[in-house]
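Here chain A shows up in two complexes: once beside chain B, once beside chain C.
Here is the complex of A and B:
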C-alpha cells in the first residue's frame, strides 16, 4: 500500500551510513530490514496486505483508521492533554474570585458528578463519565479549595470502593459496569478522606448556624467567615452543600459496610442507606432554591445535569479519549439531574432489600431472591455450601458434617452450586447462556452420583448402619440434583421470553418443552419430599408437628401444588397453538431453507445434549401436537383448570405477597386464554376473519391470546 | 469467538421510487471497482464503523459470497459474508446487509441474502449466523421469514449501546458428510493460494 512504500522510502532517506548488521549475541544479529520492506512494498498490488499468521477477523476489525473521527476516538478531543485544558482555563481554582459564584459553581460540579456517577453505574466508561471532571484528574490542584478538594477526594475513594466491591463479586460483565480505570487517579484514601470531609462539613454547619442566629449571637462565633458574600443566599447554599456532603459520607460508609466479611456490616449499612435516602430528598428539595438563584435560565430543560440548570465548569467528556482502549468512540449521554437522583434512590432501596434479607441459608429462598454473597466458598462467608445442600435436599441437619462430603463428586457438586448462584446474579442475557452450558455439568454430576449409589448398593452384603446411611444420603442428593437440573432447564426456557428469543411461530414447541420439563420438575420435587417424610417416620422421631405432617401426606406439598397451574397453562398453550397451526389460522409460510425440525434442534440443543429430559425429541413433539384440532380441544379446557388451581394454591401461601401476586397473574392469563379458547372452539375454523395474536400483557413468560375479527 | 459487531438494516419505508423489481440486477463481487460502492453503502447506512481491512478481509477471501444490487447502473444494495470453521462446525456468517432506504420493502435484501445463503449451503455450510440490533424490526422479520431463530441476546453488543440478537439458520442435515466439509476447505484455500485465510483452517492444518 502507498503509505508503506512512503514509510520505507522515508526510512531509506537517512543520510548517515549504517552497518548492515549488529551482533546481538547468541549467534544472531540485528539487521536493517528497510531494503527488504521497500522491495516488498514495490511488489504489492492494490488490495494486498502483508500480515502475520494471526491476522483474522478480530485483527481486521481492531484496526483503526487514524484521523477518521468515526474510528479514532482521539480525534474528537478538544485538548491534547489535561495540562493543555488547564492552561486554557478549563478548570480554574478557585472557580471564581467572586465567592458567591464560586459556591454556585462548586454545587454544579457536585451535581454533574452525581449524574456522571449514575451514568457510569449504568455501564459507561469511568473515563468518559466521572473522570471527565478535570478537577478529579489533578488531585493536588484543588488542595487550596477545601470544599472542592474534599468532595473530589471522596468521589475518587468511592469510585475505587465500587470497583473493588464489584470486582470481588466476580459476577459482572464489561457491559454491566466498567471497572476499567486505565491510568486514572483512582485513589482510595479511606480514613483521611473522611476526616477531611467531616472537617469541611463541620465548618459549613457552623456557617449555617451563624447565618440563622440573630445578629447579637454572632459574636459568639469568632473568626468565622460566611460561606459567600450574599447574606440572602447564605442559608440556601449552606444547606445545599451540607446535604450533598452528607450524602457522600453516608454512601461511602454504605460501601465500606457491604465489604465487611460474613455480612456483619449489613445492619449498619441499612442505617447509612436510610441516611443517604433522606439526604437525597434534601438534595432534591434544594433544586428549587438553586434554580431561582440561577440567572442564566437559558440552559434549563429536561437534559440538565445540575440542580441549578447551569452547565458545570471543569468538565470535558473527551479529555480522556487518549487514555481509553483503542476502540471507536462509544456515544455517551449523561443522565439528567432528576434521572440521576431517581437512579440513586432505586439503587439504595435495592441495597436495603439485600441488606435486610435474612441469612437463613435456605437455597430455595436464595434462588428466589437472586442475590448472594459468597466468601471463602461459603454462603454469606458463613455456612458451608454442603450444609446448604443437605438442607435443600431435605436431609436432617445432623448430616452436615458427614464425611461423605469429602467424596469427589460431592466436592464438585458444591462447586456447581456456587457457580449456579453466581450465574443467577448476572444479567439475563448472560445468565441464560451460562445456564444452558452448566446443564451439562449437572448431568455429569448426576451420572457420577448414580454410579456411586450403585456401588454402595452393590456392596450390600454385610451392611452396616453407616453404609445404610450413606446410601440414603446419596439417593436423596441424587433426587435433589435431578430436581435442580429441571429447575435450571425451566429457567433457561422461560428467560427466552424475557429476552424475546422466541417468535410466535415457535411458541408451540417452547411451551411444549416447558410443559415436559415442569412435569419432570414436579415429579422430582414430590419424590424428594415424600422420601423426607418417609425417613422422618421410619426413624420414629415423632415431633410436635407430626400430626400436621401426616395430614399433609395425603395431599401434595405446597411447593408441588404451586407448579400445577403452570403445567396446566403450558399444556393448554401448546394445544391451542397446535390447533391454530393445524387449522392454518396462523399466517405462517414455510421457510425456504429449513423447517420446524431444525428450529427445534437449535432452540433445545443444550437441553437435548444434557438429556433434559431423556427420550425427548422433535418426533415426540410432533406426535403430541400433529392431530390437535379445536374439535378435540372442546372436550377439555386446560385453562379453566389452570385458573382453578392457581386460585386454590393461593391459600397455601397466605403470607407470601410475591407468590400471591404471581398466582394472580397466572390466574389472569388462564382466564383470558380460557375465553379465547372457547371462542375459537366455537367459531374457529368456520370464521376465516378471526385473527389470533399473542402478547405478554399479563405475565412475562405466559402468553395471552388475543382474538380479533379483521 | 466472533469479534464482529455488524448490523443489518432493512425497514419499511413510505416514499419509494417507482420501479419494477425485474429492473434490479444482481451481481457477484467482481473486484476492486465494486469495493468503493460497498463501502459507501455500509458506511452510510450502518451504525458500526469499519476499517478498510475489514472490508477487504471479507471481499477478498469470499468474493463468491458478496453480492451487489443495481438499479439502472446505481448500486442500491449489498451483502457481505464469510464462511469457515467454527468450533467443529462449518458455518456461514452474514456480516453486512444494506439496501438504501428508497428501495426497501421490495424484496431486494431477501434476494441478496438468499443468494449468499445458497452459495454457503452448496459450499457445505451446516449453518448460517449473524448479529442484528434488537431494535431493527425489519431485519429481524426478514431473517425470521428465511428460517433464522434468535439463538442468543448479546447485551449492549454495539458501540451505540444497543443489544443484539445472534440469529442462526440451521440447514437440514439427514447425516453429516465429512467429505463435503473437506471440499469446502479446499475450495477456500485454492482460490487464494498466496493469501491463505489462515484463521479459517486451523483444524485442517493440525490434522497434517
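Here is the complex of A and C:
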C-alpha cells in the first residue's frame, strides 16, 4: 500500500502537473487529504458510505465511471492533444523529404480518408472517422503542401455539405452521430477549394504529359519539375493522384447539384455521378501499380485501408474521442479499402437512381421508390401536397386549388402525408416504429373527414353545385385516406419480416393479419379507382350511386390485380400454417412464456388500437384457423391461384422491370408452396417423418415451405 | 443490481441507531469535507475538480458537478483543457492524488494527521 502511494506521489511529482496549476479558492490552498482519506476508509465499516443528506443511491448509479473504457471518453491514450501529436511528428509536413515517399504517403492518406468517409456514412462519428486525420484538424499546417492541402480542403467542404444536406432533410434523430460536428474545423470553402483543386489537378496533368513526352518524341517541357524522383514510377503516380483528385471534384459537384432547389440540378448531377464512377474505376485499377511499388513487407491483408496496403501517416482515432460526446466512446472499425470503393460505387448508383427519377410520378410511385424531396412543404419544392393528394385520390386536376384545402382537417392531412414521406425515407427499424404510431393519426383524420362529410350531406337542402363538388372531394379523399391507412398497415406488418421480429410459430397469425389488411386495401383501391373511372366516363355528370355501379364492373384495374396474388399467397400460407399447427406437424413446441393471444396483442397492438381494420380481433383469427385441416385444404390450392394470377398480372406491367421481377419472386414462392402443400395433403397425416420448415429464399416477406423427411 | 444496492446502503451501528455512524475521528473529519471542492488526480494525468459527494470503504469517490482538466502536453507545465462532466465516480484504483480546497489553518490541522 505504501509502495503504491509512494509511486503515486512520485508520478505526481514528475509526470503530472501539480494541482497548483488549477486555482484554488480565494485565500485558500489545496491541502492534500490522501492520508486522512485512507485513515477514514480504514475505519469505515464494510458497506458504509460517507455522504451528505442529498445523497441518492439511484442517482449515484448513473455517475460516469472514470477510466472505464466504455464510459470515459477522455482517457488519455497515445497523445494528450492534437498539438502534442504534431510536435511528436505524428503528422509531418512534408510527410517526407524524399519526394517519392512523400507522394506515396499522400496517396495513402487520400485512400484512408476515403475509407474513413465511407465508415462515417455508415453511421459512425465524424470525429472518429474522417477527422481522425490530424492534417484535417489543423487546416493552416498543410498550406505549404499544395497537393495534400487541396485534398484536405475538399474533404472538409464535402463533409460540411453532406452534414448540411442530412440536417436539412430532418430525417435523422437527435442522437444520430452522423450530423454531430462539434469542435471540428468543418469549414465550407466552396469556391476557393474547387479552384485550388483545379490548379493542382492542372499541374499534375502537365507532369503526366511531361513524363510521357520523351517516349512520344515530343519536346520536353523544361520548366516543369516532375511529381517525384523516380522516373519509372512517375506515370503511375501521376495517374493515381489525378483520378483521386477528379473523383473528389466530381463528388463535390454531385452534392452541390443535389442541393439545388426544385431538383433543377438533377440532370447535371447525373453527369457528375457517371464521372465519379469512372474515376472510381481508375482508382480501383491504380491499386495494382501502387501495391507493386510498395516496398514495405507488412501488408495489412484484407483489413488494409489503402490501395498500396501501407498504413497511412497522420491518423489517430483516439485523439478526438472527447469530441464525440455526448455519446460514450466507441471502438470503430474503419472499412477496408475495397469495401470503401464498393460502398461509394453503390452510393453513386443509388444517387443516380434518385436523380433519374421522374418528378411527374404519382404518389404511389414515390412510396415505392421511397425517395423524397420535400422543400417548403411541397413535393420536390414544387407541387403543393394538396395537389398531390388530389391526384393520388383520383380527383380531377382542376380541383387542386379548391378552397376546401384550407379546412382544418385537410391541413392536417397534408402534414400527415409529409410525415409519412419522411418516415419512409428512414431505416427499417425506425420506420416500422413510426409507421405503427402514425396509424392512429391517419385513423383520427379518417374520423374527422367522415364527420365533415356527414355535415356536408346534412346541409343538403338547397344543394348548390359547389357544395355537391365539396361532397365528392371529401368522399373521394376519405376513401383514399382509408386506402393509405391499409397500405401503411401492410408495410408495417411486412417490415416485421425484414427486421426478423416474428418467430415461425407466429407466421400463421402474421400472414392472417396481412391477408385481412390486403383484402381491405384492394377493396379501397378498387373503390377509389371506380370513382375515377366514373368521373372520367361521365365527364362531370354525376348521378347518385355511380360509384356503386362501377364497382360491379368486371374489368379490374391493374394496381388492384397486382395485389391479388399477394392476397392469395397470404391466405394460403395462413391456411397451410394453421393446418400444420392443428395437425401438430410443426417441429417447434409452443412458447412456454406467453400464449398465442398474448403474442397476437404484442405484435398487433398498434393496429388494434387504431382499429385497422375494424372488428378484427384474436377471436376472429382463432375462428378462421382453428378448424383447418389438410383434408379440407385438398379441395382448394391457394398457391396455384396465386401463381396463375402473378403470371397474368405480369402482362399488365410490360415496361416495369421492378414489378416484373417482384411478380416473378411471388410466382416462385407460390410454385414451391403449391408443391409442398400437395405433398403434405397427400402424405402429411400418414408419414410422421415429414418435417416442415420455412425460409425466405425466394421473397423477403413471403415464406417458402421446405418439406424434408427426417 | 439488487445486491449492489444492499452492499452500498449505509449500515448503522449494531445498537440500531442509524445516526451514529462509525465513531472514528477520521471518519467524522472526512465527513466534514462533504460538499467541499475536491481535486482528484488520476493515473493518466487528468484531474477532476468537483464537490465531494460520497466515498465508500474501498476509497471510490463520487464528485458532483465535476470538471475534467487535462494538460495538452505530456511535459509539464502546459496549458490545460477542461470540460464539464457532471456526476462522476473515480475508482480508488486509478486515483493518484486527492486535495481539498481549504484555508491555511485547516491545512495545518490536516497535516497534523501525519504525525
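Just so we're on the same page, the second predicted complex is superposed on the first by the 602 of 710 C-alpha atoms of A that agree within 3 Å, B and C clash if a C-alpha of one lies under 4 Å from a C-alpha of the other, contacts with A are read in each partner's own complex, and residues count from 1 in each chain.
Quick note on the criterion: a residue touches a chain if its C-beta (ideal position, glycine included) is under 8 Å from a C-beta of that chain, and two chains touch if they have at least 3 such contacts.
None of these values were measured; they are calculated from a predicted model.
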{"item": "A:199 touches, of chain B and chain C: first, second, both or neither?", "value": "neither"}
{"item": "First (chain B), second (chain C), both or neither touched by A:46", "value": "both"}
{"item": "Contacts of A:602 with chain B and chain C, given as first, second, both or neither", "value": "first"}
{"item": "First (chain B), second (chain C), both or neither touched by A:427", "value": "first"}
{"item": "First (chain B), second (chain C), both or neither touched by A:451", "value": "neither"}
{"item": "Partner chain(s) touched by A:499 [first = chain B, second = chain C, both, neither]", "value": "first"}
{"item": "Contacts of A:594 with chain B and chain C, given as first, second, both or neither", "value": "first"}
{"item": "First (chain B), second (chain C), both or neither touched by A:213", "value": "neither"}
{"item": "Partner chain(s) touched by A:56 [first = chain B, second = chain C, both, neither]", "value": "first"}
{"item": "Those residues of chain A which chain B touches in one complex and chain C touches in the other", "value": "46-49, 55, 57, 59-60, 62-65"}
{"item": "Of chain A, residues touching chain C in the complex", "value": "8-9, 11-12, 15-19, 21-22, 24-25, 27-52, 55, 57, 59-60, 62-67, 74-76, 80-81, 83-84, 87, 322, 325"}
{"item": "Residue numbers on chain B that touch chain A, as the complex places them", "value": "1-5, 32, 35, 43, 48-54, 56-57, 60, 82, 114, 117, 121, 134, 144-147, 149-156, 159-161, 163, 165, 168-172, 195, 198-199"}
{"item": "Residue ranges of chain C touching chain A (in the complex, touch as defined)", "value": "5-11, 21-22, 24, 26-27, 29-31, 33-35, 37-39, 41-49, 53-59, 62, 68-74, 76-78, 80-81, 83, 85-91, 93-104, 106-107, 110-111, 113-114"}
{"item": "Residues on chain A engaged by chain B in the complex (per definition of touch)", "value": "46-49, 53-65, 68, 70-71, 123, 173, 175-176, 327-331, 427-430, 432-433, 499-503, 506, 589, 591-595, 597-599, 601-603"}
